[in-house]
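Order as written gives the chain letters A, B, C and D; numbering starts at 1 within each chain.
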Amino acid sequence: MIIVLKPGLARRQEASILGEIRKRGYRPHVMRGVARTVIGAIGDELTHQSLETLAMVFPDLVESVIPVQKRYKFVSREAHPENSTVPVRQHFIGGKKFHVMAGPCSVESADQLLRTAEAVKAAGATVLRGGAFKPRTSPYEFQGLGEKGLKLLARARRETGLAVITELLSENHAELVAEHADIIQIGARNAQNFQLLIAAAKTGKPILLKRGLAMKIEEWLLAGEYVLANGNCNLMFCERGIRTFETYTRNTLDLSAVPIVKNESHCPVVIDPSQGAGRADLVKALCKGAVAMGADALLIEVHPNPVEAWSDGAQQVSLPVFAQLMKELRPLIAAVGRD
Amino acid sequence: MIIVLKPGLARRQEASILGEIRKRGYRPHVMRGVARTVIGAIGDELTHQSLETLAMVFPDLVESVIPVQKRYKFVSREAHPENSTVPVRQHFIGGKKFHVMAGPCSVESADQLLRTAEAVKAAGATVLRGGAFKPRTSPYEFQGLGEKGLKLLARARRETGLAVITELLSENHAELVAEHADIIQIGARNAQNFQLLIAAAKTGKPILLKRGLAMKIEEWLLAGEYVLANGNCNLMFCERGIRTFETYTRNTLDLSAVPIVKNESHCPVVIDPSQGAGRADLVKALCKGAVAMGADALLIEVHPNPVEAWSDGAQQVSLPVFAQLMKELRPLIAAVGRD
Amino acid sequence: MIIVLKPGLARRQEASILGEIRKRGYRPHVMRGVARTVIGAIGDELTHQSLETLAMVFPDLVESVIPVQKRYKFVSREAHPENSTVPVRQHFIGGKKFHVMAGPCSVESADQLLRTAEAVKAAGATVLRGGAFKPRTSPYEFQGLGEKGLKLLARARRETGLAVITELLSENHAELVAEHADIIQIGARNAQNFQLLIAAAKTGKPILLKRGLAMKIEEWLLAGEYVLANGNCNLMFCERGIRTFETYTRNTLDLSAVPIVKNESHCPVVIDPSQGAGRADLVKALCKGAVAMGADALLIEVHPNPVEAWSDGAQQVSLPVFAQLMKELRPLIAAVGRD
Amino acid sequence: MIIVLKPGLARRQEASILGEIRKRGYRPHVMRGVARTVIGAIGDELTHQSLETLAMVFPDLVESVIPVQKRYKFVSREAHPENSTVPVRQHFIGGKKFHVMAGPCSVESADQLLRTAEAVKAAGATVLRGGAFKPRTSPYEFQGLGEKGLKLLARARRETGLAVITELLSENHAELVAEHADIIQIGARNAQNFQLLIAAAKTGKPILLKRGLAMKIEEWLLAGEYVLANGNCNLMFCERGIRTFETYTRNTLDLSAVPIVKNESHCPVVIDPSQGAGRADLVKALCKGAVAMGADALLIEVHPNPVEAWSDGAQQVSLPVFAQLMKELRPLIAAVGRD
């Protein structure tokens, strides 16, 4: 930790700060600069008590306190310099092969789900997405088919061989969801619901962690740290748009998250352009950007009849649009050296 | 719903949109303007399927779809024109009397909690706050004393007569927390954890719902609607800062939320200046603003020794600072006609 | 315009609103819905006085007022369905050929500029960028070489045949800058400095308009409308990052601006990844995303020795990194069907 | 400056960084911590070249570079520990007396301006505001009466004795505006138009500098530094709302700017609640908050007939509402010890 002192302190005042630093187990190291005196507090920031309170408790003496260590450990690329790959049935996400996860926002019926599953498989997707438990902004909106939806997903898997990803909303459903899904999705609204993250991690299933609407990259990585620190190393990060002032799109998809998370972490990065924009007409361009920037997979909402969708129809693409999109992605996937 | 058509459509194209509107149970009403044709779709937006997908599914025909009804019902001032008051032991929050809830960020020990409780009571607070279950950004930070913390809060209540507010983090703890607390707090990170909101609502205890860091007022009111729609009408909204680009403060306390929520809803409004700024040196000014703007209560972090706090020391004020703050608030409370 | 009335108004109250609407030259058209009465006000919103004040002046009667027309005209794709191309010396930006504009943040010396110009030309760039007048956050930072910098740019053009783009900061320099530059850049801080936009437009030179840090797409298009409405149709829009809560990067490059501006407008779209991220290590990935998403050109900061740069060294790439980047972009440019 | 090195560097690598630091005139001081080695670079950051490029140019060696000095000087409270007061005719803004500046968004006619001036004076305002040059988002909106508006403002001053504040939009109008106004306003869109700030500063008139929509406090103070560094010490900072994701209000008024700017600077702080919210119905509550939090003055838009206003009618209050507001502010002004 670096402690910047206010200018013009008496030696006695400086000594009292040095005492506070020592009391917390750090060894202080004083540097007198031209305009400011700076103290380096030597000790492990992850195991010692933080010194950040000093600036507030001694506002007349301390100008600022700056941590120098990163706060995440297991998700960090320092801890695991190679890219990690997440095994999902016969696939590995994060390796040379680029993956597409696709399917409806909500599971609505056997017919809707199976038609979609077959179509997305034919177009080249390897994972089927579909919401059985749906977090909805209003209590009056469709909340998902629940267990019945999970069973339909499992049936679609049996019939198509696609792996299945679905969202977990409640600690109490962790076992149930893990029983039917190959990947457990933690949604943006629950990205800092740490109890849910721990429950999901403990199922042992691969976890796809969406970024919260107002989450800094560091906070997102630390939420992922909850998964790894609870013994589950099969974690993927999924960018799905952050909240900004722009109103043309529902959210602003932060594609720079791809190279940043790749820099900081070894975990695979997935892009969800459907939630990111909230507009089907932008999905194609966003997918292309994601591929070019180095994402490992896409998560795309596809519906056989978007206008009739029970939720989020505005952002779901139709089956022919999806097939066309997959075709247009191929040259880009090749251009970045992926399969 | 209002459907704005693209300019220059053929009658046949217009007819197909009219058909789609009727299919969803609305009665269409066409208005031909100078530059655009607009269709009013007459029907109850809360019970009929949304038409918002039309703009995406027919992007060449429909320019935009605009809802005209408010999406919330029970929390709305239309539903309950008078201010509602929330009974908390012998007190009523939301009435003429202004309330202050104060106490440490985390419950750490009997001594820490009881000293704080006595001091805040002496200074005029009526509710004791204290975290027993703590949501922490990093898995390596102190996560709260759990049930032991709840028991200390209950003991402090017995010894001082203060009511108790504490945060609920897990559906599985709803009964346990309700047993010890007078008000259940739902934190910002869980503000759209709807399963938690429902579990909290069903305990029957008053709920204080913090605003999520990236929550629009409308979404916050709709999250509150989950509480009322689940049979619990004792709801308070608590503004605690939204996330913006400014880095001087941890968050930006949006004090305009006070008059806005008062306009839109009948529920009491509480301001948390400690989380809002993340800096103890701004707490006093923010409290004064909140009082002047019509808040019903404050939620303030107070610690007997902030520099030693196990969490968020930088934003907790000391006991003498709190006592001085309460003194300075009195003339303002009087100036706005409160007790 | 659509006027949504409050529920439960008396006919007399409704009539007074109808009167206000007529007074402003619109013809009102009443639709009685289930929960709300809505009035369509028929008339040209671009030429009539706005009705948006009604909601504020009659808050008890009017709930909201919603415009239905787009506010921009000449920049709109409705006005010019084909892509427009901007002629810059022998080039056309916005056509099939993809363009790269590259060069130092600031012009520092003949040697620095000429070395860079030759290197970026060799790597395939067609336009040389370089700041002669620099807007700096602090008055104590280097403010650019001014006219001397412009002359160096002109010399670099003579020696290399590259076209030249440079920023205009003051109305008083419009003629001077136009004399030396092939494209006039309006920076993010001046994106709503309408006097400067008008002065730049009147020089007749092509204009590259950067998006302001907090500008909605609609406001940006309207700022561009100032250029076209002042008789200059050679306008390019340049996205260079918006301000969000994320602090890992200096700004958040909003790549979705590419398909959005392409939807709404006919003008070419340029991406500036250097300002967008403020970090040279992200430039490569952002360039790739921009190409894949359909941008017409890139604007990249390149410096022969970034660590010695007089401004913004952290975001400038070196000459070999630039050459490597250009090589890596080629397969992507081909994959999207550009030259 | 503090330079944090990557973990695990060889001594030779460390030495090369030490060399770079010395080359820029700083004296390096090495501290070996538990997880990181940190170098203090001793030297004046305001006069030496920045080291921030090191992190980008040597990404494998340097993790981050952290400045420890504040970048502003003359506006800083360190430079001038007492509050400064700005003389405006017979008044001093920033002293014990609380001031209200009020008037129409745009000057429209002699009748409109004089009626407003008389009414706001009668209610207790001391400064008349009114826009003669108006920056408008769209080129098709009313752009102000220009010089004719300035003359009407001067006439209103003669007839009422109120001081006059009006916005400066163009360097070329600096002399003209200075001739008619007592305070020159720099609007939010031009808050980093440094050429305009310099031109305004050089007139010698008091300057009111609005905060840009996406300006951090530090950047705002640095923009103010341009005024003081150009020899004009009569500067006021005016908060008028920042851009956030919330759409209920046009902007989010950041009232915490009041105590923050008071902490960091000696200059008076003014609050503009009209632009801040963009809604007349919130103006009253926001004014009360501003007074309670320690603002020195308010800037309020008042119009004799808001529904007929030529610009921004939605946020202007009527004359009786203004008079009532002034009455309600009195007890709060007294409660914070102001006149």
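Heads up, the rule we're going with is that a contact is a pair of C-beta atoms (placed from the backbone, for glycine too) under 8 Å apart; a residue touches a chain by one contact, two chains touch by 3 or more.
Only a predicted model underlies this, so the values are computations on that prediction, with no experimental measurement involved.
Taking C-D and B-C together, the pair of chains sharing more C-beta contacts is C-D. Comparing the CA-atom centres of all chains against that of chain C, the greatest distance is found for B.
Separation between the centroids of chain B and chain C, computed from CA atoms only, is 37 Å. Once the centre of each chain is set as its mean CA position, chain C and chain D turn out to be 25 Å apart.
Residue positions of chain C with contacts to 2 or more other chains are 46, 214, 242-245, 247, 281.
On the side of chain A, the complex with chain B involves touching residues 20, 46, 50, 52-59, 71-73, 135-140, 169-172, 189-190, 192-196, 212-214, 219, 222-223, 225-226, 229-230, 242-243, 279-281, 306-307, 309, 313-315. By the touch rule above, chain B contacts chain D in their complex via residues 214, 216-218, 242, 244-249, 252-256, 258-260, 263, 276-277, 281-282, 284-286, 288-294, 331-332, 334-336. The touching residues of chain A, when paired with chain D in their complex, are 2, 4, 7, 29, 31-36, 38, 40, 42-46, 63-64, 66, 68-69, 78, 243-245, 247.
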